[in-house]
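All chains are identified by letter, namely A, B, C and D, in their written order; residue positions are counted from 1 within each chain.
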Amino acid sequence: MNQLPTTTGKVIVCDGNEAAAWGACLSRPDMVAVYPITPQSSLVEYLAEFIADGRMDADLMDVEGEHTVLSVLHGAVLAGARTYSATSAQGLAFMFEPYFRTPGLRLPMVVSLVTRDAVSPTCVWGGQQDAMTVKEVGWIHMYCETQQEILDTIPIAYKVAEHPDVMLPVNVNHDGNYLSYGVARVELPPQSVVDAFLGEKQVNWHACLDPERPMAVDPLTGGAGGIGPSMFVKYRKGICAGMQDALRVIEEAHEDWGKRTGRYWSPLIEEYRMEDAEVALVTIGSMTGAAKDAVDTAREAGRKIGLVKIKTFRPFPAARIAQALSKVKAIGVVDRSVNFGWNCGPVFQEVLAAMYAQPVRIPMMSFIGGLAGADITVEHFATVVERTFRLAGGETAAGPVWLNEND
Amino acid sequence: MSLRNVPDNMCPIATEYTTMLTGDWRALRPVVDRERCVKCATCWLYCPVQCVVEKAAWFDFNYDFCKGCGICAEECPHRAIKMVEEAEG
Amino acid sequence: MHEVRLHGRGGQGAVLASAILAAALVEEGRHVMAIPAFGFERRGAPVVAFLRLSDTVIRRVTNIYSPDIVVVIDPTVARAVDVFAGMPKGGTLIQATGKAPGDVDVPDLVGRVATCDAVRIAMDIFKRQITNTIMLGAFAKATGLVSVEALERALEETHFRDAGLKQNVEAVRRGYAETTVLDLGKEKAA
Amino acid sequence: CPTGALEFRKAGSIFNEYGAKEDLFVPGLSGCQGCNSELIMRHAMRKIGRNSVLATPPGCIPGMGSVGYNGKTGTKVPVFHPLLTNTASMLSGIRRYYDRIGRKDIVVMALAGDGGTADCGFHAVSGAAERGEKVLYVCVDNEGYMNTGMQRSGTTPYGSWTSTTPVGEHMKGKTQDAKNLPLIMTAHKCRYVATASTGYMEDLYEKLDRAIEASFEGFSYLHIYSPCPTGWRIPSNKVIDACRMSVDSNFNPLWEYTNTTGLRFTHSPDNAYPITEYVKMIGKYRHLSPDQLAHIQAKVDEQVALLKLMAAESSPPPAAHRAPAGASTP
């Protein structure tokens, strides 16, 4: 191995893209495939630099587009490699064909999504429309709140992806602009800690392309009549089972990481000041910090409010969310993307479904903000708090509320 | 980890071979004239299904798989192969 | 908590300056969150970067709308943009200019003015108008929030190497030494 | 050789060398009667052997069962369906990782159709070639999407009937010329580029030898012309005849190219038959007008003239190749 970082809990100051690159570096992927796209570009530049400097012992595949980025990594995983890449928006769209195949082959890859609003209107700024658009494909999706959480979540993602009960690809998502370029204090865990945490890679024990273990990977499956359709169902159910098992494995992996580094991130959802809350906000990603500040301000004014942050969006931790929100009188869900067909945010839609089994129907309202790089400020959250309290007080839910509409 | 430990719902892979008896596609069957065959292997070279079988003094066909395309008869430089109609029934 | 806004022009390194300042502040044991304004940074066009610093964890990842400290690393960019926008009463202006602080035209709300003839120093050191690290020295002098030593250590952690590092260390030192600070008094700061 | 004696000797020598080698596909693949792609697959893998990883992107080759159906496989080496669009990319990833762990003797290869190579998969082929990935890429060119019902592709020749270039009142087959993919690949500085045909099997075997060797050093591209009896409307027993005539008429000239040796014909383009001798064997050209025939002949001559220039043999094609006097390009 080359001169990998020997730092012991070294503190650096970096943006989210560099934090992601460090998370990848510390996870020791064998192969990294890259193609630049705003706002991910500096992330892959960091990877290239790490490899050029010998800090990272990985093969750099600088290829002709995102479709090939994911495709070379499919080949590499089937040959036995641990892999990493990152993309965003139009790159993710171009990657979609192999992206869709990844969970079906149960390839335990980790790919960062630096989230961005997708065209049209043409936009190169933050938003989560890209990641939300691919939520049904079978990748695990985790959303990070801070630069440190990005770095820590990448090794955790490998641990989850390669767990024999899971064997699914993971997207570790961080918000374009605010996290990708936002600079903060980040602690680098020692390499030995990450090595011990991850253990031996387990990437192609289930499916491989190796003359020493010849097999056909992905024979045609299905067709009316015969065993084909039932086999197809079996594999689809297998992915569903892997997703449900992932809920447990994600918690275990976060717990293990916490023990080794002292940083315990909430694995599925984080409950903030929910103890006696009568009103709750639901947030996702980097908006959460400003929302917590707004919650504190409201608490100081004597209002009983809390917050639930969603870290893991796929698999959706429906039971945990229902449990956390079951006692409140109103819920305000803030999205950074749009669910066009339901005229609300996609997170709102999911929380709504999670609350279905509750004996009492709790009023909920959808807020959409932060599209196209817009800022969701503490003041915007004050509006969310106000509207949600009015909802609790009996006002009829109207929505969605577009937070930056009048900025 | 060996394949035995791979759950059968994990992902679509295959290690057992398919067997399809394409011989029943055949309307015409190649028949070798053993007197004329000089074992030049031209039929073997061009047979798309590679069902030509070497015998001691001539080349013959595995009729389980021969689809009856007729290339062997067409290409045989010694006109040692004839395509004859499959018997009905 | 302090909120800092840096104004410059594309190519002068305002964003890099905010990242170096962030690193230096972390060296001093503070928490930081630095965010560049997102746009197409083109050489010469006005550029803004934000930096929040605090002794406790900073949670909000948002832009800055009411900076109590404004650093202007270009002598003429203030003609193009309102560098005082959102500044609360008693705010600090740190301006790259050859003028004395008392000669800088500022609105009443400004409580402290610091000036540094950064372009002249830059021409001495770099032979080019790169004022960003010089103005970090000015920031240290004007605010006392960060030491020159911490800035030097932060420079060592960045991409600067060898001659470039030496020049930038000198830039920070001279920026600190050649900055004049004028307190406009309690009546304005109140 | 009119008596066939030469052919006879060559067939015997290939049989002696490879007859005992294992056919690496199961018997009973469901290629059409007389399928030339099946013939190519079986010979190619017999030559290449078990220490290989094989990609067969969507098309007739997996369609006939090479990757298998419903949990069974048709191939004895590691085999997979890439997407139609990413064959060369997946192979790049496999090869790079095997190189990284020191397993450098594995042949990492594709048996791909023209659609996945020249059309929607071209970005992957071009990118892998540009990066010099150590991959053997065999394109089995049947001039269209034969597996999905005979639609046109970028390599479908001018005038061809296909299901998306039909013959009707206003359109008489394809109105554009085929792209010449092997020539495009020479511009990628591949380690090896060659064209081949099952009409000249010994030439194909020799090129496979050189292509395999080159694939350990860089991108190696072999383009094999493969008439489709079903989609082209050829009697199944006449497929090899058509292969030979496609070469003998210069419709598909045989050549090879390396960076150091340049382009070299492996079958003389001189004294070629007129193109009419070839197209009359093939149903998809049955409707061609004299103008269309003249266009095809002119394009064939143009192509050979260019190849000759590249081979530094710039003498013009013989008069017998020329389009009939007075013919115009439609």
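One rule holds for everything that comes next: contacts are C-beta pairs under 8 Å (C-beta built on N, C-alpha and C of every residue); 3 or more make two chains touch, one makes a residue touch a chain.
Nothing here was measured: the structure is a model prediction, and the numbers come from that model.
Enquirer: Mind having a look at which chain is the central one, using mean CA positions?
Expert: Per-chain C-alpha centroids ranked by distance to the global centroid put A first.
Enquirer: Could you tell me which pair, B-D or A-C, is linked by more C-beta pairs in contact?
Expert: Answer to which pair has more contacts is B-D.
Enquirer: If you average the Cα atoms of chain C and of chain D to get two centres, how far apart are those centres in Å?
Expert: Inter-chain centre distance comes to 65 Å.
Enquirer: Averaged over CA atoms, how far is the centre of chain B from the centre of chain C? Could you give it in whole Å?
Expert: Distance between chain centres: 82 Å.
Enquirer: Quick check: how many Å separate the C-alpha centres of chain A and chain C?
Expert: 35
Enquirer: Hey, how far is the Cα centre of chain B from the one of chain D, in Å?
Expert: Comparing mean C-alpha positions, chain D is 23 Å from chain B.
Enquirer: Using the touch rule from the top of the page, what residues of chain B touch 2 or more other chains?
Expert: Those would be 12, 14-15.
Enquirer: Can you list every residue of chain A that touches 2 or more other chains, as numbers and ranges?
Expert: 213-219, 221, 231
Enquirer: Going by the touch definition at the top, which pairs of chains touch each other?
Expert: A-B, A-C, A-D, B-D
Enquirer: Where on chain D does chain A make contact in their complex?
Expert: Of all residues in chain D, those touching chain A are 50-53, 62, 67-83, 85-86, 89-98, 100-101, 106, 123-124, 126-127, 130-131.
Enquirer: Given the complex with chain C, which residues does chain A contribute to the contact?
Expert: 11-13, 15, 39, 125-126, 146, 175, 177-179, 181-185, 286-290, 292-293, 373, 375-378
Enquirer: Help me check something: in the complex, which residues belonging to chain C touch chain A?
Expert: It is residues 18-19, 22-23, 26, 31-36, 38, 58-63, 65, 154, 157 of chain C that touch chain A.
Enquirer: Under the touch definition given earlier, write down the residues of chain B that touch chain A in their complex.
Expert: 1, 3, 5-15
Enquirer: Flag every residue of chain A that touches chain B in the complex, lowest number first.
Expert: Residues in contact with chain B: 104-106, 164, 167, 202, 205-207, 213-219, 221, 231, 234-235, 237-238, 241.
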